[in-house]
Every structure is written in structure tokens, then in C-alpha cells.
Amino acid sequence: MTESVTEAAIPLLELRNLGCERDERLLFSGLDVQLFPGDVVQIGGPNGAGKTTLLRALAGISTDFHGQIRYAGQALPEAAWEFAGDSLYLGHLPGIKKALTPAENLEWYKAQSGAAISIGDALAAVGLYGYEDTPCYQLSAGQLRRVALARLHLSCARIWILDEPFTAIDKLGVSQLEALIAQQSAKGGVVILTSHQDLSLPQLRMVNLQDYQSARDKTKIGLGSLSDGDAYHA
Amino acid sequence: MTESVTEAAIPLLELRNLGCERDERLLFSGLDVQLFPGDVVQIGGPNGAGKTTLLRALAGISTDFHGQIRYAGQALPEAAWEFAGDSLYLGHLPGIKKALTPAENLEWYKAQSGAAISIGDALAAVGLYGYEDTPCYQLSAGQLRRVALARLHLSCARIWILDEPFTAIDKLGVSQLEALIAQQSAKGGVVILTSHQDLSLPQLRMVNLQDYQSARDKTKIGLGSLSDGDAYHA
Amino acid sequence: MKFQFESIADFIAMNGHGPYVWASYAITFAVLIFLLVSPLLQKKAFVKQQIKQQKLAQANNSASELTE
Amino acid sequence: MRDNSPAASLLGGFIASFRRDLLIAARHKAELTNPLVFFLIAVTLIPLGVSPEKTVLALLAPGIVWVMALLATLLSLDGLFRSDYDDGSLEQMLISPQSLYFTVMAKVLVHWLVSGLPVTLLAPVLGLMLSLPIEGYLPLLASLALGTASMSLIGAVGAALTVSLRKGGLLLSLIVMPLYIPVLIFGASAVQTAVQGGAIGMQLAVLGAFLALAIVLAPIAALGALRISTNG
Amino acid sequence: MRDNSPAASLLGGFIASFRRDLLIAARHKAELTNPLVFFLIAVTLIPLGVSPEKTVLALLAPGIVWVMALLATLLSLDGLFRSDYDDGSLEQMLISPQSLYFTVMAKVLVHWLVSGLPVTLLAPVLGLMLSLPIEGYLPLLASLALGTASMSLIGAVGAALTVSLRKGGLLLSLIVMPLYIPVLIFGASAVQTAVQGGAIGMQLAVLGAFLALAIVLAPIAALGALRISTNG
Amino acid sequence: MAWQWFHRLGSPRWFYEKTTPWLPWLATLSIALIVTAAVWGLAFAPADFKQGNSYRIIYIHVPAAFLALAGYYIMAISGAVGLIWKMKLPFMVMKSAAPIGALLTFVSLVTGSIWGKPTWGTWWEWDARITSMLILFFLYLGMIALQQAFQHRDTADKASAVLALVGMVNIPIIYKSVDWWNTLHQPATIKFTSKSSIDPSMLYPLLTMVIGFYVFYALVLLLNTRVEILRRENRTQWVNDLISTTNKRA
């Protein structure tokens, strides 16, 4: 891995020797990544590699991991509060109430982040102009994801953790989202995302989870092979 | 639209002047498509264009449409039973019980279709060899979709209706699925699918739903613009 | 067919059953009036809202014609 | 290319659905005992809230056991089609080339095996706790067996109507409870009459008639309701 | 870049959550009346199942009204965190930089306003229908007001524990019901004692103490439970 | 010919325009009948020799009870028509009928309950008819709750139509069961004054009121249905024109 150590400063986010397991099966281990302001990292790996597991650990939802996650030089459990205020997680589930309208949904998130941009502008920015007051159950799959993505505009967080943000988004939407990520990086933010699509972002760094699987695992067929009976850490 | 009228035969599936509306807003209308054995059609259009709505109407889940759907020369409400036996629909929701294992899930579908291939082989074909007996709630997002995709191997249906089948699937999986679709087309089947990705299938025909929106609609901003107050049928 | 009570006060008292009788009639007529008035009010509100929308649509139309 | 003899498909659909649902029920072992435990606890609350005296309890026993059995059945209804709807299986079921009457019947049967039957079997124990006189036990078993089956069937209609609604649970109760009242009346009365030494042939016959009617009509209504619910 | 004075954030989080939940509740108007209607119908079943005689009903009234109020509260608990879990809002809530104690409190408060309070206000009407003697009404109101609030709080812990399970409804009942028993005993006894002409200061004091304890401890426990449920 | 008429009846616009001239007639008639009957019943009908003046509640209690029951059948039958012939209008009628019926049931329960206090000395009695009425009230509440719970209008219509039909099948069963249950327990309380004993001088105002209530019900149902029609057809040209003309007139 080539680290872009441009300055001797403390990385904004750092994973030290990180490993995750699910049901006592080791998914990956020994993951070391340093993220400095401006970095964009795409976590790669086939289905079941552990991308979602990793992102949930990073976001602080799951605590089932080994190793350390450090935020601005502090280990996470201690700096959890500051980290929560400075990070934004978008998972497989959009976190959107179907009974409410997009505007009402976002109000709650806006109250947290205290961003300056208005909700209407944020919705317009994701192509939902005119849908502010349509209840969310009337939205299509992609429109619903867009409501969730509007949070990116509403947030002042420097760290974005995005699990397959391009799901169900059409082509124009994908390129807009890429531009937004590039902009966040230019502003000195950090973006960690997963996606099975190739992205056209110049600053992009890839981290492939397959590289961090135990040696024996890799000899098997890569795709979705269950490594039962071994690869357990003793 | 260029129709591939290779033979003067009756099309396997035919949409005549089809139109769908949601909550009295017309999504598209005047859709005429003829599908002959071997055809693969990708329904295009931005988020909210009405792709899912169209596929649900085709599959027989929703009856909220105008115009006619004809299966092998018969209008659908009459031929619904035969059509049900000869078609396979995969929607945004996978139709997989999380409490059951992949094998148990597929058994129900196999009982319907009476295909010759074994469930184990079907699972292996979608890269889930070894996961037969893992409960589905332990699968990753992509693996869960793969269980649903295994139904494609288990079915004898000639008509496949697939709503964003590539969601959450990794690259290798996408190319395998493309190959499977090509094979179905070669066997004389018909595939209708939606996707926001570009597919590398030679037989592919595109139907863009935006072309079937009413004239005034198109003058507005294409992406996610709400056309209220017009485009209603009087 | 004759007025059954000696006086108006008597009529209101109804031999001590007045409160019951009048309460029932009051509730009933309140409900009947509500049933009658509520659709009328709803219609009024609907028309008002619709006129607002028509104006909005007109404003939009003229705006878009200007830009085109 | 396809072999779909109608009869094989009918029965096959029934058996496949039945096995699948039983399997799911078995997989969620904890949920299996839920209606039972609700029944048990709800009945236990009565002595705590009302009075622990034997004479009072004996008087109440038939009615309370029946009311609580009704509530237990009712509360387990919500899941009847809900999870199928949530994960898309219901759509698949509705467009499958099988007789949906039998698919629905299979689901209802599993529901009864998992809720009504255990509740019926536990009822005598609760009768004992509430000092139900000895003559009441057999009628309690018989009336509950017939009654819970009818209630599962009628409830399926309500469950189908509310399947597409979030938190449908209590709405379902509201819709279904009035329909349960005849069953409750005849069921509780069978036990009471037996305790007082009367003949209960009539009550059981009426409960049987309800059940027969429900078997014929309820799955059809439920099916229609399912189609409507998924259409939106 | 960010201004997050702790006090503003605490209160702001409470108010934002409170408003959001009230809004959702108001959006689902039909659901608002559900616990109420369940309460009404369940109480109605008792005369049908047990006996319509006034003397019997008056004897039962305090206990039955309390038991059914308990069940109504219980059954409305399931939705407390469920929909937040299903759509991912709960994850977001847990990683948000706000005081979660207040977020949980806001949710519980809305739950009580929507279930406990209306049930309390309807109880006198049901008392009337069950021929509750006149002395019972005020104690019924007072004890239910205190009791349903405690039950909402205690129930939140159960709802949090079961949030990640499908069909959690009945399991939830199972977990929570034993915890409700002290509330039920003191609540029903307050009404009964009042009907018999006794003093009920002690019972109300105990209910008040339960409530105070629950306000302090229950949200913390619920929070912990939520973290555990979402961790898997 | 008959079928053509039937199908035109399915057209909301046709219905709306056809019923406009009826409204003043219905309103006048119903108000006249109800006011006449009320004055007649309250002031001029003789007092009952047993119950005294409290019996005057009968003039609102019984008509409300009649309409509550009839209203359920009207609702269920329109639902059935809507389901079978796939027409929109009957669903609108059904939707409008539910709250009206529920309110009338409520009136009959409340007036009956108030009546009970001076006659039986109690507000509530688990009598067969009263109990059935209460259950009918629950059936109405279920209808309304179900209707409101759905967000998609078409689904709401069809689902509540199914419920109304199921309820309609059940109403006779419920009534018979409750009746049987009540006779089983033989409550020692006062029975309703039997029908035959009612004197013509008391009966005529009652009949007037019953007819008045029927006309009033028709009026209110019409008014509600018409608003519902406007709401549902608010995007159509004819409604727009209608709004414009009212706007200009105003």
C-alpha cells in the first residue's frame, strides 16, 4: 500500500491492525490504513468480503473488532463523542421514515449537524426539487436513496462513511455524487466508501479486503467461498 | 424503436399502448413493445421514471395500468395462469426468508417450477457453494441477492422480468449474470430488465421510458421533476 | 294535539326529566349540525386550496413562457 | 418443456407452502411459545388484579380463559403474512402458478398448529389455576379447539387486509375482534353451561358450523385482500 | 466549523426527537386511536365472556380495567423502536452526537401521550359500563395516570431488547409483563380499596415512587439495550 | 338501455352534476320534517304513563338506531358494487357513509344511555340490543381506521370494501349470537316498551322523525360524496372549470 504521507501531521482517521470476525470466522485482519484530510478510499472486495462489517465498525455501530481505530490521534472508544459529531454514516438501509416527507425526514438530521444550507436546497441538489412534501413511501427506490444522500449536503462532518452509495442511483446521479465526493475531498474531508462499480475520481485510493484475508483463505476460490473449519484464530 | 421482426410469428410478449400512473400522475403512456424469443430488453430512464411500476404491471402484481399486455397472443387477464407458469419476476425485494437457509428458501421455488437442476448446483452456480446451510440473516447484502438470483437457474420460465438484478453484486458476479442472460436469450427466452449500469450484451435492446412521457413533461428538468397539475388523463 | 305542559318552565323541567331529554336532543342536534356543516366546510376549503393552486400554476406557466 | 398437471400442482403447492411455513416456525422456536406464554401470563394477571378468592375465580374461569385465548390468537395473527410481505415472498406467492386457495390454507393451518392448538392444550392447566370445576375441562378443550380454528381463519382475512400497513398490529385487533364475538359467546357459554350441568351439544354444533363456513369463505376473502394489499 | 454547545445540543436533541415522533404519530392518525380501541373492545369482551350481571361486573371492574389498560399499553410498545430500527434511523440515532438519554425520553414521552394518556382518560367510561361504584373513578384516573407512565418507561427497555427480532410483539410481552405486575397490584388495589371506602394514599405513593425510579433508570437501561440489539 | 344508465352512474361527473338540483329539496324537506317531529314529540305528544317525559328521547334514539344499521348495509353494498363492477363512485359513497354511520351509532348509544338513567337508574346495561349496537359501533370504527390507514387510495377503497362485505355477512350472525347470549343470562332488568303498546299519538311524530332522518341521511351522504368526488377528480378539466366559475361568481 502506498501511503500519501504529505505532511507529518496526525492522520484524521487511522486503522491500526484492524481485524473483524463474524461468528468466529475471521473476515480480514492486519488492516492498517491512515487517512489524511483529502483522502478518498474505496473499500473493495467481492460479496461477503466484509466491507459492510468494516464500515459498521468504523461508524461505531458495531464494536466487534480487534485492533484500533484512531480519530485525530485518539483511540476511538475515548473520542467517540467528538467522532460522532464529525462523521456521517450511510448504510445499506437509508434511515428514512416512509411516513414522513423528505423535508421532514431531513429536519431531524439537520438539527444534529447545524449546517447552514436549507433543506430545500439540499433536496434540490440531489434532484428532488418539487418532492419536498411528497411522502416518502411514494418515492421510487432511487429517489429514496437520494433523500438519504441529501444528508451529505446538510452535514458539516469531515468524515463520510458510505456503504454502496451508488445503489439504485441513475447515471446522472452517479456523476453528481462523484463530484460531491471530490468536493468533500477538496475541502479537506475524508471519504470511505464501498462500491462494486468503477469510480472516476482522481484522488481515489483502493483498499482491497481480499489482500487482508488469511493466506489459506486465498487459495480457495475467491468468490464467496466459505472457509469453515479453518481461519479461526486460535 | 426498431422492431426485430424476424418471423411473422406471434410475439411471446407484447405491450400494446401501455400506460401507468401512480396516484393519478401519468408516468408514461403509449408504450408499444413486441418481444420475440431471444429478445433482451433493458428498460431505461432516470430514478422515478416508472421502471419498477412497469415491471410490476408486467409480472401481474399490479393491475393499475392502461392498455394491454399480451402473452403468446392472448390478453393477460385471460392467460394469467399460463403466464404465471412461464414467467419469473425478481423485484427490488429478494423474496428470501432470512430465517431459512438458502437451500430451504429455494426449495419452495423449485417445487413450483419443477426444474431438473439440483438446488446445490444452482447455489454453486451463483457462487454460494458452501453456504447451503448458513441461515440467510448471516449473509452479506450481495450474497442475499445471489440467493434470489439462484432462482434463475432453477426455473424453466421463458420470460424473465428482473428489476435491477445487478444491485449489490460484485464485478465477477455481474459478468456471470450477463452470461446467464445471454444464454437464456440463446435458448429462446425473453429477458426484460432494468439497470442503471451499461451492460455488455450484444442482443440488448433499450427502451427508454422518458421517450414515453407526455410532451409537456419533457420540457421540464428531466431528473426527478414532478409534473403536477398536468399530464392527467381527463 | 295540544301543548302538554302548563308553562315554558314546566316544559323545560319536564317533571325532572328535563336534563336527560334536553341533553339527548342537544347532543343529537349537535351531531346532525356537524354532519351537515362539515361537508360544506370541506368543500369551501377545497375550493380555496384549488384556486390557490390554479393561481400558482398560472404564475408558473407565464414564468416558463418568459424563459423559453 | 413444463409439466404442470393441475392436480399435482394443487396439492404440491399446498404441501410445499405447508412445509416451508412449518420450517420457518420451527426455526423461530422462541416465537412458537409466544402465544402460549402470553395466554399464561394474561390469565395469571387476573387473580392479581381482581381477587385471589376461589369462588370468584371459579365463576370467572370459563369467560376469562376464553377471552384470553381469543386475545392470544389475535396477537399472533399479525405475523401471518407480514414477513412474507416484507421480504417480497408474498408477491412471489401471488404470481406463482399454484392454487392460492391452498397456499393460504396452508399458512392458516400452520398458524393454528402454532398458536391455537398449543393454547387449547394449555387451557386446562389454566382452568385448574382458576379453580374451574371438573365438568368444565372437556368442553373447554372441545370449544377451544373448534373456536381457535375459526379464529385463525377469520383472522387471516384481517391479517391480509392490514399486511401492507406498518404497525398493523392493533388495527388488526380492531378489525377482527367484532368478528370474533359470536365465537366467544358460544365458546364461553359451552364451558359455563357444562359447569352448571347443562347439555352443550348445541353450542358445539354452532361452533362447528362457524368453522365450516370459515373454511369455505375465509381463504377466498383473505386471498382477495392479499391481492388488494399488494397492488398499491 | 461546528458549534455544539453541550446544553443546546441536549435540549435541541430532545426537542427535535420529540417533534419528529409526534409528527410521525400525527401522520398515522388511525394508529393514534388504536390502543384506545383495543382497550375499549377488550373490556367489552368481558361481559360477553363472563356474565352481563351488574353485581359480578362491579366486582370485576377495577381489576379488569387495570389488566386491560396494561395489555393495551403493552401491545402498543412494539412500535416504539421497531420502525426506527427497520429503516436504519436507529443506527443513525445511536451514532449521533446528542444525548441519547433525552432522545429515548422523548420517544417514551410521545408513546405515553399517544397510548397511556388516552387510555387513562377513557377508563372512567369503561368503569361506567362495568358498573364501577362512584367512589372508584378518581382513584382509577390517578392510579392509571401514574401507572401507565411507569409502564411506558419500563416497556421501553423491553422494546429496546426485542427490537432486532422479527415478530417481537409477543416476546416483548413475555419480558415486560412480569415487570408490570407490581404496578398492576398497587394500581388495581388503589381502586378496590377506594371502592370499599379505604384510604389509598399508600398505593398512590408507591406508584409515584415507581414512576420516579423508572424515569431515572429506564431510559439508561433502554439505551444500553438498544446498543446491544443493534450491535449484531 | 338500463346498462347505459348504470354505467353513467359510475361516472362521478355525471353524478355530481345530476345531483346538484336535488340538494335544496332534500335540505328543505329534511329540516322541515325533523323540526316538525322534534317540536311535536317534545311538546305535543302525550307523556308516557310509565316513563313520563323521559320517553321523548325515543324520537331521536330510534331513528338514529335505524339509520345506523341501514347505513352499514348502504356502505357495504356500495363497496360490493365498486368491487364487482370496478366503478369509482360507489367507493366514494362507501367512504362517505362510514363516518356518518359511526356518528349515528354514537348518537343512538349516547341517547339510549342517557335514557337509561331515569328509566333503569343506570347508564349502561348489557342488554342484547345495546350490546349489538356497541359491536356495530366497533365495526364502523374498524372501517374508518382501515380506510385511514392506507396511503394509497385505491387500496384503501378496495380493502375497506372487503371489510365491509365481511362485516355485512357477520352482522346477522353477531345479532343472533348476542340475542341468544342475552336470553341465556335472562337479565332481570326492564324490557323496552313493546312496539304494539305505543299509542298513535306517540307513533306519528316518531314516523315523521324516522322519515326525516332518512332524508337527512341521504342529504348528508350526498354532500359528503360530492366533496369526495371533487377531491378525487381535482385534476380534471370539469372540476377546474367548476372552480373557476365559482371563483368568478364569488
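Should a chain be cited, it is by its letter among A, B, C, D, E and F, assigned in written order, with residues numbered from 1 in that chain.
We adopt the following convention: a contact is a pair of C-beta atoms (placed from the backbone, for glycine too) under 8 Å apart; a residue touches a chain by one contact, two chains touch by 3 or more.
Predicted model, so just to flag it, every value in this text is computed and none were measured.
Trainee: Could you tell me which chains are in contact with chain A and with chain F alike?
Mentor: In this structure, the chains that contact chain F and also chain A are B, E.
Trainee: Count the smallest number of chain-to-chain hops linking chain B with chain F, moving only between touching chains.
Mentor: Each step joins two touching chains, and the minimum needed here is 1.
Trainee: If I average the CA coordinates per chain, which chain comes out farthest from chain C?
Mentor: A
Trainee: Validating interface symmetry: for the copies chain A and chain B, is the fraction of residue numbers used by both over half? Same or different.
Mentor: Same, since most residue numbers here occur in both copies.
Trainee: Compare the CA centroid of chain E with every other chain's and tell me the farthest one.
Mentor: With centres defined by C-alpha atoms, farthest from chain E sits B.
Trainee: Going by the touch criterion at the top, tell me which pair is linked by more C-beta contacts: B-D or C-F.
Mentor: Pair with the higher count of C-beta contacts: C-F.
Trainee: Need the CA-centroid distance for the pair chain B / chain E, whole Å please.
Mentor: 46
Trainee: Please compute the C-alpha centroid of chain D, do the same for chain F, then give the distance between them in whole Å.
Mentor: Each chain's C-alpha centroid was found; their separation is 33 Å.
Trainee: In whole angstrom, how far does the Cα centroid of chain C sit from the Cα centroid of chain E?
Mentor: Each chain's C-alpha centroid was found; their separation is 36 Å.
Trainee: Specify, in ascending order, the residues of chain A that touch 2 or more different other chains.
Mentor: Residues 92, 98-99, 135, 138 of chain A each touch two or more of the other chains.
Trainee: Which chain F residues reach two or more other chains?
Mentor: 135, 138, 141, 145-146, 149, 151-152, 154, 178, 181
Trainee: Along chain E, where are the residues that touch chain A in the complex?
Mentor: 1-4, 12-13, 16-17, 20, 23-24, 27-28, 83, 86-89, 91-92, 94-98, 230-231
Trainee: Can you list the chain B residues touching chain D in their complex?
Mentor: Those in contact with chain D are residues 59-64, 81-82, 84-87, 89, 91-100, 104, 107-109, 111-112, 114, 135, 156.
Trainee: Residues of chain D touching chain E in their complex?
Mentor: Contact set of chain D toward chain E: 28, 30-31, 34-35, 37-38, 41-42, 45-46, 48-51, 56, 59-60, 62-64, 66-67, 70-71, 75-76, 78-79, 82-83, 166-167, 169-171, 173-174, 177-178, 181, 184-185, 188.
Trainee: In the complex, go through chain B and note every residue touching chain F.
Mentor: 23-24, 64, 229, 232, 234
Trainee: For the complex, give me every residue of chain E touching chain F.
Mentor: 28-31, 33-34, 37, 40-41, 44, 47-48, 51-54, 57, 128-129, 131
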